[in-house]
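Two complexes are shown next, each including chain A; its partner changes from chain B in the first to chain C in the second.
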Partner chain A sequence: MTTANTTNTYTLPVGPLHVALEEPMYFDIQVEGETVRGVQLTAGHVHRGMEALAMQRNYLQNVTLTERVCSLCSNSHPATYCMAVEALSGLTIPERAKYLRVIADEVKRIASHLFNVGIMAHLTGFDSLFMHAMEVREIMQDAKEGVYGNRMNLGQCVIGGCRRDIDEETAAFLRGQLEQLKPQLDELYGVFERDPLIRKRTRGIGLLPLAEAKRLAVVGPVARASGVAYDVRRKAPYAAYPELDFEVQSDTKGDVHSRALLRLREAVESVKLIEQCLRKMPSGPVCTEGMPAVPRGESVARSEAPRGEVFYYLRSDGTDTPQRLKWRVPTYMNWEALQVMLANCQVADIALIVNSIDPCISCTER
Partner chain B sequence: MLPFLKIMFRNLLRGPSTEPFPLGPARTHKNFRGCAKFEPEKCILCGICRHVCAPGAIQLRPSEDGSGMEYVLWHNSCVFCGMCAHYCPTGALTMTDNWHLVHLGAEKFSNCIDEFVPYDECPECGAKIQPRPQAIIDKIGYRHPNRFLLCPKCKRESIARHAAKVHNKTEQAHP
Partner chain C sequence: MNEKLKDIQSDAENAIAQALGGEFISWTADSYGNEYGWLRLRAPEDMAKLAPVLVGLDARLMTITAYRIDKFARIEGREIAYHFDLDGLALTATIALTETPPQIPSITRWFANADWHEREFSELYGITISDHPNPRRLFLDNELDAGVLDRLVPLSTLMNGASTNTLWEKVFAGKQMPDWAKEKDR
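Up next is the complex of A and B:
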């Protein structure tokens, strides 16, 4: 339904810089009255040529570069990149490093999910809840700064393991932060589940039925809220996930509200995962000695980022610089589903529905 | 009804959650990854920090008279990833918890670490070699500390002399 204007419909441009969008994305929306009849998506506003940059930097420099692809999943990118390099050079990372990687991943997941549900509250006009969600997230931001040294870019992964060990003192600090977070998370879940304002604005909009979710191959919380219980941590376990006990959250409603609640439930699971890691983590080295030699060849690696499956492809010609490094990020799979979710919605709900896929444009356009 | 009201009143009673900086102190964790710090007396001029630095903030320039190298790290190019500190074999480069990096625009090119690292001399032939501080001797040169201080050429000769001596001894013992 993206044909030219008729007497009844007109085109409403949303973006690339729009108050309700967190990142630059441009929609040409065909509107009939207040109802959306068609969507055209234009991408490429934050293209920075990072895949080309990766081909001009050596393997070690690329750890830092991939960390800066996106700020909210800034641990998933270097971790997956390191997995691809390790697969190619035949490196096995120490047991302790596997657990440390899981901890870093889950800490980032909690912060990312809380950010997204906070923004959802903001878009419904419920700014005091938005502030509160961000305040709860601040507990995790503090944990990141105290454990890793930075609020966003943890700098934990390195080819062959991890950089920073979690000693007794830091573990106690992290546990303390989790203890603070747990009651707050439960309370926040209750508010998001029961608050009449949130329910009124978010239930039953942005529907993605199971069949459409499968057709569009969506990933992450978007897929899981539509009944596709697909989680890379379970389907293709990496790092220490095979040894850890967690539940893959899923739902069948597939609307904006269920996606937000699913994210909050995942944050609760993440807290449990971190606690398990801190308990089970074996002692030992956190990183392999020396520099890896990356032979000629290609490899792939995938992991579950907060937004869904992130996939890295690496091709090496035997030099110290990758010949090709390519990544496919979850938002690339999820934003096509906006065509389905936005169909026949109200103009006022556009921003809410777009936010419900947790779009990360800087990842997708890199 | 309106389950958020309880939280809102609680938050109101608790007061602001931000730190009153600059009027009060800002809490900094001891693990904080801030401004890099360089100790020239520990540096062995291996260049691994420059190799792993993604933004290219580190330069090693040979001095004109050949007496050493100038070590430059621009704080404004640095992205505080800490890779240099992770790979530094002697701990010459570390990340401090100092985040006070405010400076005037006029100082943007001079806001850097700029240190001179002199070369060592080979104790036998006097050739200029990379410095051999105690930290690196303890790490990789502890088996033959005296030989470790030599230049590559003298080291080869020393090894050859030692091998010949061992060979002669075994010849004498088992003719």
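Up next is the complex of A and C:
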């Protein structure tokens, strides 16, 4: 959608600081009455130069740095970065560490998805549902705190495996949290699926047809809700995912409502994945002994973060700092799809549609 | 690797060899058995031959990485790596930029999502993109120089900022201002 040039349109600036935005992004929106006719995005308000910083940090320090790219996907970044370093170094992580990495990723996925659907409820004006979703999410926040000692950055991934093991007592605690979560997650899904207010406000808006999803190469729940059933955990499996049973969620409606429901279904799958890991996890070390020098060369690694595919490219000149470390976050691929989703929508729906791509601006800009 | 991926791999090898005349892909694998293809193009113009072939293979552009061949710029030269996905296979095509100033044609006509990637490496590495449909800045303000990721700015230079005397005039308001605080262009 390009900016319209009719005499009946006027410009509605949204952002960079706006009550409906968690982070700063500027939308220059052309409206005709209450209908959106054009939108132009201006980014860069939280550009941190992290990739330049990564080239000055050594390989170990970059584990800590990459965990700070994004708060909600915080485990996916060091995990994928470690995979890139391990691929280049020819390092194979212990079997138990593969399961531990899946547990950390899936715990984060549940918390991230619940946050997004909670915000969606808030934006529809259904604040009691927002608070309920956040309360349900709190079960996973407590799980993170109990297992890893932190509620956001888990600090679980290291090059060669994981930092902490999950012993029997901790596993029992985590199982207990999941048991507490499961019925509430089912109940929440029912409310989001059937509540008349949620349906009225979110069905049929922010449409992204399959052809447009493919043309713009969107990723994650945004792509899957439009019929692109691509999940890195299945297409290019890593960690313990090849050993685990899960269903890749997809839909064909491609609207705000279907994206929210898909996220909730993915959270249910994540619970199953964690349970399988706790059951099947073999005993043994959680990390390799030491770390070999990273040789000259290049590697690619990717994983499925809550918002979609995370991509890391590592290039080494044989020193202890990367020659280049490039990463691409899922939201980066989804912004331009807003041009399609916002076309001809109502002004009141802008925030709901923007939230439906689960935007992360800090990680887009790095 | 399953049969479907093997077919994709072989189709990609054949189509690319035919389009580029003898270019070949080398493959590496990670410890999970995922395959990664690596392809080095001879000239920036080769991307215009490769891109339509990749569209025919239903490839998805994952991202583009620009970098200096020596990060401290002791040796001059930049390269660009284009990363594609072929339904689970990752393919990286690398091109050395030979012209001064460095430039490369846009691939947005084949891959619409190249828009942001090209604008980003253009502003961070000072690489000119020809035929880009939307060549405005992505993250950096227009007032900032292009290529900020391309050069080293020592911390001492960054902190050597000039300031006016306004601050000290307020600090020493109503008192005798020392000579050092009176110096202009601090």
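Heads up, the rule we're going with is that the second predicted complex is superposed on the first by the 360 of 366 C-alpha atoms of A that agree within 3 Å, B and C clash if a C-alpha of one lies under 4 Å from a C-alpha of the other, contacts with A are read in each partner's own complex, and residues count from 1 in each chain.
The rule we apply is simple: contacts are C-beta pairs under 8 Å (C-beta built on N, C-alpha and C of every residue); 3 or more make two chains touch, one makes a residue touch a chain.
Just so you know, these numbers come straight off a predicted model, no measurement behind them.
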Chain A as common anchor, with chain B and chain C clashing or fitting: fit
Partner chain(s) touched by A:E336 [first = chain B, second = chain C, both, neither]: second
Which superposed partner A:D28 touches (first chain B, second chain C, both, neither): neither
Touching partner for A:L129 - first (chain B), second (chain C), both, neither: first
First, second, both or neither for A:Y238, with chain B first and chain C second: second
Contacts of A:G44 with chain B and chain C, given as first, second, both or neither: second
Touching partner for A:E298 - first (chain B), second (chain C), both, neither: second
Superposition-derived minimum Cα distance between chain C and chain B (Å): 16
Chain A-touching residues of chain C, taken from the complex the two chains share: 28, 30-32, 34, 36, 38, 60-63, 65, 67-68, 70-71, 81, 83, 87-90, 92, 111-113, 115-117, 137-141, 148-149
Residues of chain A touching chain B in the complex: 57-58, 60-65, 67-68, 126, 128-129, 132, 135, 138, 145-150, 153, 155, 158, 163-164, 170, 187, 190-191, 194-197
Chain C-facing residues of chain A, complex: 43-44, 47, 49, 51-52, 55, 83, 86-87, 91-93, 215-217, 235-239, 242, 298-302, 309, 311, 313, 315, 317, 323-324, 326, 328, 332-333, 335-336, 365
Chain A-touching residues of chain B, taken from the complex the two chains share: 1-4, 7-8, 11, 17, 29, 31-34, 51-55, 79-83, 86-87, 95
